[in-house]
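Quick one: the structure is below, and I'll ask about it shortly.
For reference, chains read A, B and C in written order, and residue numbers begin at 1 within each chain.
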Amino acid sequence: MALKQTYDVVVIGSGPGGLAAAIEAKKAGADDVLIIERAREMGGILLQCIHQGFGTQVFKEDLAGPTYAQRFIDAARSVGVETLLDTMVLDITPDRRITATSQQAGFTEIEARALVLGMGCRERTRAQIQLPGSRPAGVYTAGTAQRFVNMEGFMPGKRFVILGSGDIGMIMARRLTFEGASVERVLEIMPFLSGLMRNYVQCLLDFDIPLQLQPTVSRVIGNRRVEAVETVRVDDTWAPIPGSEEIIPCDTLLLSVGLIPENELSRKAGVLLDPVTGGPYVDEGFQTNVPGIFAAGNVVHVYDLVDWVTEAGITAGRRAAEFARTPVKSRPGSIHLQAGDNVRYVVPHTLHPERLAEEPVPLQMRVRRPIEQPVWVEVWDNETRIARKAERYVRPGEMTTIVLPQRAADAVRNASTLTVTVVER
Amino acid sequence: MTDHQKLICVNCPMGCTLDVTVDGETVVDVSGNTCKRGTEYAQAEISDPRRMVASTVKVQGGIHPLVPVYTETAFPKPRIFNLLAQLREVELKAPVAAGQIVLKDVLGTGVDVLASRDLPAA
Amino acid sequence: MADQTYDIIIIGAGIIGSLVARELSRYRLRILLLEKASDVGAGTTAANTAIVHGGYDPVPGSLKAVMNVAGNAMWDTLAGELNFAFDRCGDYVVAIGPEELPRLNDLLDMGKQNGVPGLSIISGEDMRRREPNINPAVSGAMVAPTGGICDPFGATIAAAENALLNGVDLMLETAFEDFVIERGRITAVKTSRGIFGCRWVVNAAGLYADRVMHRAGVRPDFHITPRRGEYVIMDKADVDIRNVMFPVPAEHSKGILVTTTTHGNTVVGPNSHEIADKEDKSVTRAGLEEIWRGAEKLAPSLQKRHVIANFAGLRATGNASCLTPGINYDHDFIIEVATEVQGLVNLGGIESPGLSSAPAIARRVIDLLADAGEPLTAKREWNPLRPARPRFRDLSSHERERLVAEDPLYGRIVCRCETVMEGEIVAETRAPIPATTYDAIKRRTWLGTGRCQGGFDMPRVIEILARELGLSPLEITKKGPGSELLFRPTKEVGI
């Protein structure tokens, strides 16, 4: 299959966001759809997420990550999505010219009528959390360790301490225990769990792995290889409490301290990024500020369930196919959404009322702090409440969603700004 | 002689903390749940706790040295490490097909272990 | 008795030792360069501010001042011949608030005394124009047009490779243990890998130079105290610092700089604290706070969330008195032929401005040998040039296309953040001084120094190193034996 010069839709990344977008773009009528993937096979990060928890919404099944990916990989093949594997995109321009390089194809330049960004996230590193100490071998981010254990087939250590109670950290605590290592402690700097409760039970409680809230690692000890970590308790302002230091002997420190949407390429194309999410500003169709450039999945903001990533990918793919057919420079009349009480961010950032009239629009957000009581999630235009949803609780580790119904289109059309809030009932 | 146990129910993301009163292996009372699935969960956790288990097995001649596998149904929690020891002995030959049975009725539990994905030959 | 005999043995392959080796390779001499670490330039050379100083700062009349100004002038030729990154971009000492302004005049005078060319003082407004991120309370700045930035490790590996090209032998993972002294002259060096005969030894052992010289009974009162400097590195995508900026200096140090680097990133630091352990390069929480306060002084718009890395370096601070009569200074360079024993060119206390002075120090070693009667016959075939290996990120689109067409391995990316390709890594494992560890690849290619700090590239680098070196991935280390990255295969328990 020879590579064309121009494609209707090009998708960068074949994780769940990219796959869903590519499949939907083809189904929605795009003539040719190309996925460019830097790894040698499709599936993205799902390939190393061998645990279950995927597809409970989309398939009503509890699937392992690779199985979920396999379904979409097979679907992509059957609808005729083309792929360029083992290929890295080096540059994209605002008019959607893509420069990529691979061992097989060499240097490649491709034009896209519409582009979907699906690059996912990278992990926060030790320097970004200002972790002091020496720099021996044995400090890894949880995702890198996961790759070694599940795909390369190597254990990066024997005795682990895990910093961060995010899902990846907890999943790895169980995984490492399964493969014969010992996990001494999981440390979380916040006074609450960072990831899903289900993982706390099935990864930590099940195996008697202690979780400590509000200590952090104060330094790494060891010259050539990690020998221990020093922990210290912190108060509510994250200041270390002197005298509460403890040394935990270990040979590996795993960091599960957050994901950051990977938007280096987006910047090159002139896409504007929201400093709170780290991802592009998007509208309800996941189009960025650059016409014809869409974004789907973790590259926009960090999702909690892959099923919602698939949903976002479907929306982006459909809009991308539409744009490839009928490019529209800009669509006026969009309304801004802003984060109100207890909301850290809301996606999408803008909303076109005429799109809302066609189909409901899910608004996704993360709260600043947990409220373990019933709450209202509300959307306001000044003094007028446009939508409201009851939730039994809200937690920063779990995404909160409210769907704006089609009948709200008129109210939205007349609004200046919409504010999304979360308040106790 | 009754005893109290605290459990967190994981049927839904709510994660209610359950206070379970047990008499031996029998659940006498459950409180703290928001729905009746919590009571069912408590019963199951006390009498026959089970988990879905995911791991990997070695593959010869494939594009990767390991293929991920999972239990098709929930596996008895007390015997998980026996299951993992069994899995460590397995070595498949590529190609492997998603859904392929890796271990049937493992350790006589009636649970099958399946491959999570296709793994082509190198 | 000796396993092999040389004319001159150099102890230590940092920037100093490597440049000395290169200088000596011009002559018909058998030279051995010894290094205890797994790589050249792994000590102080690998962790410093990377600045080629103008030379206005050292005490006038000190050896530091003389070497700094002389060395500074030699960097363009050196970078041209050896092909490493060097930018004579000039540097600034920035006065914040009117009280600091008079200090600039003091520095200007000192600089003139030291013979630094082109110094001038500019207004606060002018400084703000040149560096938009500077503290708005800037009252003025001194400009030193001869100041610059370089890649110190790049310079070191290039110098060492050129030395090898010109016939020098290099032994890594070979630690100095003792001298063999016969009738008051050093005749051999005992190392962890054998005994090597020699007529001269050059002590370029950095932090351990005192221990080396004491084995020969030289300068028993001289001691090196490690002084640690901590740094943070900030993301070039988020931070737009264009210049090299010093604060008005404090008593014992040049202060906490905010500077651009040849990598394009911004570095803030260093602080300066004496420590006991010559191997302790850990970064401390208190140190990071101190650096941050320094950053706020010069560029208050910098934000902590743009920090992508931190590191610490150790200065080899000595206690040698300046030899110039009338100058009262206790931390000068030692660059001399030893008197207590024959056959030792002794270098000690080479802390800042050591990097800047390095080319001049190397030349001075030659002069000392010549003065001591050592016959130095120049080799006609000496080659000053060391060709650089291609850096994908620096190539134009056309050059990239051509390179990938020639060698498809240059088409496969390994480090996304710094655009480092597999072909570059393979080339480094086959270079004259082969890279055999993760950190060695990192120093040579700048891989893993960006946003993801190795998260993406590490599994790939391990795979490539294992393949190229014919090792199991379990044998690949971060920085030599004892720092293995992986422990055992996933499915083999009970080890």
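Just so it is clear, contacts are C-beta pairs under 8 Å (C-beta built on N, C-alpha and C of every residue); 3 or more make two chains touch, one makes a residue touch a chain.
What you are looking at is a predicted structure, and each value in this text was computed from that prediction instead of being measured.
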{"item": "Graph class of chain-chain contacts, one of line, ring, star, complete, other", "value": "complete"}
{"item": "Pair exhibiting more inter-chain C-beta contacts, B-C or A-B", "value": "A-B"}
{"item": "From chain B, the most remote chain by mean C-alpha position", "value": "C"}
{"item": "Between chain C and chain A, distance of the C-alpha-averaged centres to the nearest whole Å", "value": "40"}
{"item": "Chain centre separation (chain B, chain C; CA means) in Å", "value": "55"}
{"item": "Chain A-chain B separation of Cα centroids, rounded to whole Å", "value": "27"}
{"item": "Touching two or more other chains - residue numbers and ranges from chain B", "value": "56, 58, 66"}
{"item": "Where chain C touches two or more other chains, by residue", "value": "490-491, 493"}
{"item": "Two or more partner chains touched - positions in chain A", "value": "150-153, 179"}
{"item": "Complex contacts: residues of chain A adjacent to chain B", "value": "40-41, 43, 47, 50-52, 62-67, 69-70, 150-153, 178-179, 196-198, 200-202, 205-206, 392-393, 398"}
{"item": "Chain C partner contacts - residues on chain A that touch it in the complex", "value": "38, 86, 88, 90, 99, 101-107, 122-123, 125-128, 130, 132-138, 140-141, 143-144, 147-158, 179-180, 218-220, 223-225, 240, 251, 264, 267"}
{"item": "List of chain C residues in touch with chain B within their complex", "value": "490-491, 493"}
{"item": "Contacting residues of chain B [partner chain A, same complex]", "value": "8, 10, 13-15, 34, 51-56, 58, 63-66, 68, 70, 77, 80, 84, 98, 116-118"}
{"item": "Chain B residues within the chain C interface of the complex", "value": "56-58, 66, 88"}
